[in-house]
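By written order: A, B and C. Residues from 1 in each chain.
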Amino acid sequence: MIDTPNLVDQYCHGVLRTELGLGTFEAHLGAQLGSRPDGSAARPAAGTTFFDTQTGFAVRRWCPPLLGLEPHCPPARYLARRRELGAAEAGRRLLRASGISTYLVDTGHPGDLTPPAELGAAGAAEVHEIVRLESLAEQVADTSGTVEALLADLAEAVHGAAAGAVAFASSAFASARAPEPPGPGEVRGAAGRWLAGRPAGGRLTDPVLLRHLLWIAVTAGRPLQLHTGDPAALNGFAAATAGLGTDLVLLHRYPYHRAAAHLTGLHPHVYADLGPVLAHTGARAAAVLAEVLERAPFGKLLFSSGARGLPELHVVAAGSFRAALTRVLGEWVMDGAWSRTDAQRVAAMIAAGNARRVYRLG
Amino acid sequence: MIDTPNLVDQYCHGVLRTELGLGTFEAHLGAQLGSRPDGSAARPAAGTTFFDTQTGFAVRRWCPPLLGLEPHCPPARYLARRRELGAAEAGRRLLRASGISTYLVDTGHPGDLTPPAELGAAGAAEVHEIVRLESLAEQVADTSGTVEALLADLAEAVHGAAAGAVAFASSAFASARAPEPPGPGEVRGAAGRWLAGRPAGGRLTDPVLLRHLLWIAVTAGRPLQLHTGDPAALNGFAAATAGLGTDLVLLHRYPYHRAAAHLTGLHPHVYADLGPVLAHTGARAAAVLAEVLERAPFGKLLFSSGARGLPELHVVAAGSFRAALTRVLGEWVMDGAWSRTDAQRVAAMIAAGNARRVYRLG
Amino acid sequence: MIDTPNLVDQYCHGVLRTELGLGTFEAHLGAQLGSRPDGSAARPAAGTTFFDTQTGFAVRRWCPPLLGLEPHCPPARYLARRRELGAAEAGRRLLRASGISTYLVDTGHPGDLTPPAELGAAGAAEVHEIVRLESLAEQVADTSGTVEALLADLAEAVHGAAAGAVAFASSAFASARAPEPPGPGEVRGAAGRWLAGRPAGGRLTDPVLLRHLLWIAVTAGRPLQLHTGDPAALNGFAAATAGLGTDLVLLHRYPYHRAAAHLTGLHPHVYADLGPVLAHTGARAAAVLAEVLERAPFGKLLFSSGARGLPELHVVAAGSFRAALTRVLGEWVMDGAWSRTDAQRVAAMIAAGNARRVYRLG
């Protein structure tokens, strides 16, 4: 048996405070399947339900027992029990049973989600904030009237945020693939166009400004978490940022987990997150974890839940991860491929130790 | 034990009527390995044979016992027995033992293959026709003298075919990636060039006309089966056709099965076929099926054989699929990851239920 | 139990002659993780070590017992024992225990590595040379003063080398993707620019000259080993060289092993190497081998170690490969998916027979 220590969840969001019906709960399951090209949420086809997915089945495996029900009970039965307890009490029971002792929380997602302190209190866990670069820039733009002010305020905001946050996160790699920082004239032009055309609260999608923002963050001394599709798009940026002292953590999308793991072996400052691939593959989590462990140096992998909205997703991620790690490493020990000591040590690294080192959690 | 009901084979072709020697049989095995860039059939290297493939080994596993021989007997022995029975009787025995009760048959492939009714009679099965858009357009072009006539006849032919067929199929995504319908001027220009330069019986490969044809089919109210390589090429078309009421079924090529399955979770009207990846991986079918089940909603997956020419290929696909489904879902039930009830329900959906719903088979 | 005969290692390098400390040994483990965009060697992150990789664990599994130690003993203990024996004696013991009886050695890599004869003597094995096209061209350029001389000497050198070598190898597909041979004017221009701008010993990276070199090699009648990333880049070159009598062997990079295996089924003259994917996935070698065996005709796969510098890498590759082959084929026999006779025959083909046929090793 391989033990896993208390987990550090290196990337997640808060949970919803409201009571949830079947439809809303299902919509949050669907959001785990991935992002559509236009950013909108996935919907189930007529005659189908997102409960009929690995994530849905995993929720029904791991969560009902924590609320006093049988595993795999029907979704309606589970949600009735959840409402009976109330969202707050149910969340408290779920989070405290997850085995996660530290949450790193991305606070840049819209929606009425618990802030870090409230998530930590509910889960009896340590919390740290991850600052989403795009959200920070949008807040800055709300109060900056000129290009000069915007650019100065952006730099100040990023460096200021670095004092209180453990990491930055960005989805810029969806649109900004050029590895080098943009020139000052290019940045000024883009900033002017953004300010001029921006409605109140408008989102930042300009690729030049996103790139500029990434490069400010690279100088701010905190690890930078990057949402990517195919991690090959990041190879150039990884090469350009080598040796600058800032670690890059790939929050990669399924099915690119092998390519992301491979990349961590090539660049000393590149790490890979396990969340989006393990948490939502349910019965297949052990198989996917084994693939990630093929080529990544074991010091470069970090557990996360990637959970958003439902505490059930924190539970499922942690449960699937622990079961997968125990099974995969346990089999390798049984085969004589790994020693038990090494397996135990690697389990502790991926579960918590690597994150403690990269984010200097002490 | 997970049971699978009688299968709906949602994409296949007819079988050859002639007696087959070793060389012809082997050529049909090779055709299962995939299409070469120029569309020509694969040939074995000197000193090798296509019997030494997973498909070849799977034929030797599943088929000899159905004709009264030992599994894995030599190919020459098997083919001798097949000729002894005659192609018709051998085909009848093979198809009836396959466990497939409904065939959806693409009739647009050249070659002397049994038409749907004959395949159904041989297999004692229900049959439905899939109309290949390219073949339909080529037939229309044979009798349309002007651009105006061609375009009017194309639309009429597609809508007319929709009355008798359960689905359309197309390989247009090999060449036509732009998601939007082409403009009328563009279409007229392409039609004119095609008519002017077309020899009798000439194939349709013009990307503008192919795109035009796809968009006519989108309005005809039947599911559209799309042969694709990397399904990422289809993301834009999927977004452009969302909400129009026409389902897209990805007939994806190996090794893109995970990406295809993932896509079905993002778009309500996108489905994935299991045929080309499961039927020709033999001893690996369970492993590949497990990968497909990682991220696809279970209501979005459809069994098919993809078989063409040899009834052995229908048998191998069905046998490999049933064995794989039983093994994969059975293990998940044993592990406690899935309930037995859910496993049985999902097996029935993928084997037949999803296809019955999507193609309205009643 | 499936037996594997003595192995033909169809692609490797020599080993270092010097005594190795922990840091140098670790650097050679890191080199197995892959090439960075600029060609430089990977370095471990602070707080991590390349011993904590599948390759590192596999070395500690397979090698210490060959030098009289316990498996999985600490790296420092192993290296102390290695120095105690001396690099030559340790290398001799390791290589002779590997089960490799024939080495095909790429001699074009810089560094003080044992030449083929010395490797063969150490390992009591047969050796053959693989000529690296780029190195050959660079040697020719060192002594050719004019464009005319360079081009004539290149052709002569390649055809001359074909007399003594069993194969050519090239990394040209990193930069030269156009499938067709370049025109004479284009080649002359590129040759002139290279000669004019080339420092003494300068590397060949011009894509036109690389392409020219590949096409000379295609006419020289020896198999051509091509280092590739995504083998899809090679589809056009494979089509253009079909029927010319020269085999192409894909030395593909992780994680493209399924795509490479698939390609071997489409082109009679295309083969896939197993080395870079199996040798460095350690406890996962059986799983990766099983993936390669999904679609490749079994006559198209070739074992190699891809080892460079450390005889431990030859040992790990051979040990992982034999264990993987025995496990994967053995399970298929147990399941009834393959016959024992077929499994034994396929094992012998991949381990040695295919390489003997392709390289005409007699």
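One rule holds for everything that comes next: a residue touches a chain if its C-beta (ideal position, glycine included) is under 8 Å from a C-beta of that chain, and two chains touch if they have at least 3 such contacts.
This one's a predicted model, so the numbers in the text were calculated from it and none came from an experiment.
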item: Angle of rotation relating chain A to chain B [CA atoms, steps of 5 degrees]; value: 120
item: Interface composition of copies chain B and chain C: same or different, split at half; value: different
item: Rounded Å distance between chain B and chain C, as computed from the means of their C-alpha atoms; value: 38
item: Touching two or more other chains - residue numbers and ranges from chain B; value: none
item: Of all residues in chain B, those that touch chain C in their complex; value: 30, 33-38, 42-50, 52-54, 57-58, 60-61, 71-72, 254-255, 280-284, 287-288
item: Residue ranges of chain B in contact with chain A within the complex; value: 235-236, 239, 247, 258-259, 262, 265-269, 290-291, 293-300, 332, 335-339, 341-342, 346, 349, 357
